[in-house]
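Structure record follows, encoded as structure tokens.
Which chain is which? They are A, B, C and D, in the order written, and residues in each are numbered from 1.
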Amino acid sequence: MPVVLQVAVCGPGECGEVERDHAYRVGALLAARGAVVICGGGGGAMAAAAAGARSAGGLVVGILPGDSRAAASPDLSVTVVTNLGQARNAVIVWSADAVIVIGGSWGPLSEVALARRRGVPVVSLGGWRVTDADGRPVDGPVHVDSPEAAVAAALDPW
Amino acid sequence: MPVVLQVAVCGPGECGEVERDHAYRVGALLAARGAVVICGGGGGAMAAAAAGARSAGGLVVGILPGDSRAAASPDLSVTVVTNLGQARNAVIVWSADAVIVIGGSWGPLSEVALARRRGVPVVSLGGWRVTDADGRPVDGPVHVDSPEAAVAAALDPW
Amino acid sequence: MPVVLQVAVCGPGECGEVERDHAYRVGALLAARGAVVICGGGGGAMAAAAAGARSAGGLVVGILPGDSRAAASPDLSVTVVTNLGQARNAVIVWSADAVIVIGGSWGPLSEVALARRRGVPVVSLGGWRVTDADGRPVDGPVHVDSPEAAVAAALDPW
Amino acid sequence: MPVVLQVAVCGPGECGEVERDHAYRVGALLAARGAVVICGGGGGAMAAAAAGARSAGGLVVGILPGDSRAAASPDLSVTVVTNLGQARNAVIVWSADAVIVIGGSWGPLSEVALARRRGVPVVSLGGWRVTDADGRPVDGPVHVDSPEAAVAAALDPW
């Protein structure tokens, strides 16, 4: 087990109030458990996760797709400016000991897929679901229904 | 419209006979239509797509995740050695005017998600399906049931 | 030895007439020797190398830093749209069996450094020179003074 | 000016005692000035910079080229696992408000070149020097001869 766990919180850059609240609480709970929070560094669910982590005195890293810190959330402890576009999703996933996805959209789904490809725990709070061509669920993320359950599912395997 | 279309054919590195046949025929049909075929450069469906494209005298590019040409399919016209791991999936998607996914697995699903994020046409031949948290299909790839339909769906928007 | 050699031709996006002529002739000579030409896909020396390779009936690949084919040279056989910014320089270098640098500027110097780090042959035609802190030349690129010598130095080790 | 400056300290993974001492002192001085220290996360000068920053209670981020945290320095506050190989050098440079290079080798020289290409301040403490084809110095890094001068040159433009 790594000395300090790093957990990615992935969600859409534009989101509703429920997702924002979920992301904030997930960020705060992870920080309270001592985990470093990794996020995409932008708005919406990403900004909410960063604000939550900061509210609990945690360390939060934004891994941005663009070429400057201009678009970064103000709550980040560290800003990684990748200039890699959506290829930065792989950097988020490879840096994380577990991935929590909040809400459904294509960017976070790419992170679910990469995390399953890599083999780390993936937890979904309101995220999209994946089935095979015949409609059977594939062995993908653990689906939970609260921030508390999401954080437990991400950290407990460790 | 670009002068020459570039179409990505994405599929698992280990696959069954049906997927292999589908990938070969998709590669051949794309080449016959004058499109450049882009693939991941490895085995399974990727190697079959390359072999199909070559059989029709087409140009086929492999965009590899590793750090050498050692694992490359022998049917590639050009080998791009990214050494980017799965971040290379984004390079495949950004280079393609359309994406055809064959069969279900997490790597290709990440390419579906990135292609939808980017906004180019995505066609699925036997690939996984995505629904929202309530089980409703999301506006994702066009699902088809033959190589001919896959190639038509990829090229016709252009 | 790979079946078909791939050689990168690196040079500034804005360049003078001498560099343009050198890049064109290097591209043409490589194509005449049967090598695939890899370049950055943009203007200046990159466009000249692509035009030269095409004039000799060769295959030429542009590996672009941006997110679309809009800025691509019209002489490319294949366009790889990385959307990786200058991180794409590493993709060029890792895809190449040898690197020829034409003229001096910081982008191409990063490619010289990465190619030396990787260990493939590096040839410089009018490029910058590197010394240690005491002014002694370091074991870097082979410096040549003609396109013919550049191509010979790139291909002869193979 | 960003709220918190981020400064990259780049140096070889294998280095002598002088470079190690320089890197440690640069890391400590940057942390004492409140800057976040960014490094490559590996051994040699990278590990020394991390240890120095930690000794001064600073925040230090390692941006690794490989696919796991196994090779990471134990003094990092945050570990970014890029799995991008040497393309990660661009991520280090784009994340930094200034770059300090310690000692000479090809990896750090690629970071100098990328940082000059990007346009942020570059400071060299014992690093290699670059001249044009006629032996004239190019407008590259500021060369200094002490850790104190390096940190001043990196932070003073801000």
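One rule holds in what follows: a residue touches a chain if its C-beta (ideal position, glycine included) is under 8 Å from a C-beta of that chain, and two chains touch if they have at least 3 such contacts.
Remember, predicted model here, so these are calculated numbers, not experimental data.
Of the two chain pairs examined here, A-C and A-D, it is A-D that is joined by more C-beta pairs in contact. Inter-chain spacing, taken between the CA centroids of chain A and chain D, is 28 Å. One finds 39 Å separating the Cα centroids of chain A and chain C. The multi-chain contact residues of chain B, meaning those touching 2 or more other chains, are 67, 83-87, 90-91, 94. Interchain contacts join each chain to each other chain, per the touch definition above. In the complex of the two chains, the chain D residues touching chain C come out as 84-91, 94, 104, 106-107, 109-110, 113-114, 116-118, 126-133, 135, 138, 143. Interface residues of chain C facing chain B in the complex, by the touch rule stated above, are 2-3, 6, 36, 59, 61, 63, 67, 69, 74, 77-84, 90-91, 94-95.
Residue ranges on chain B touching chain D, taken from their complex, read 67, 83-87.
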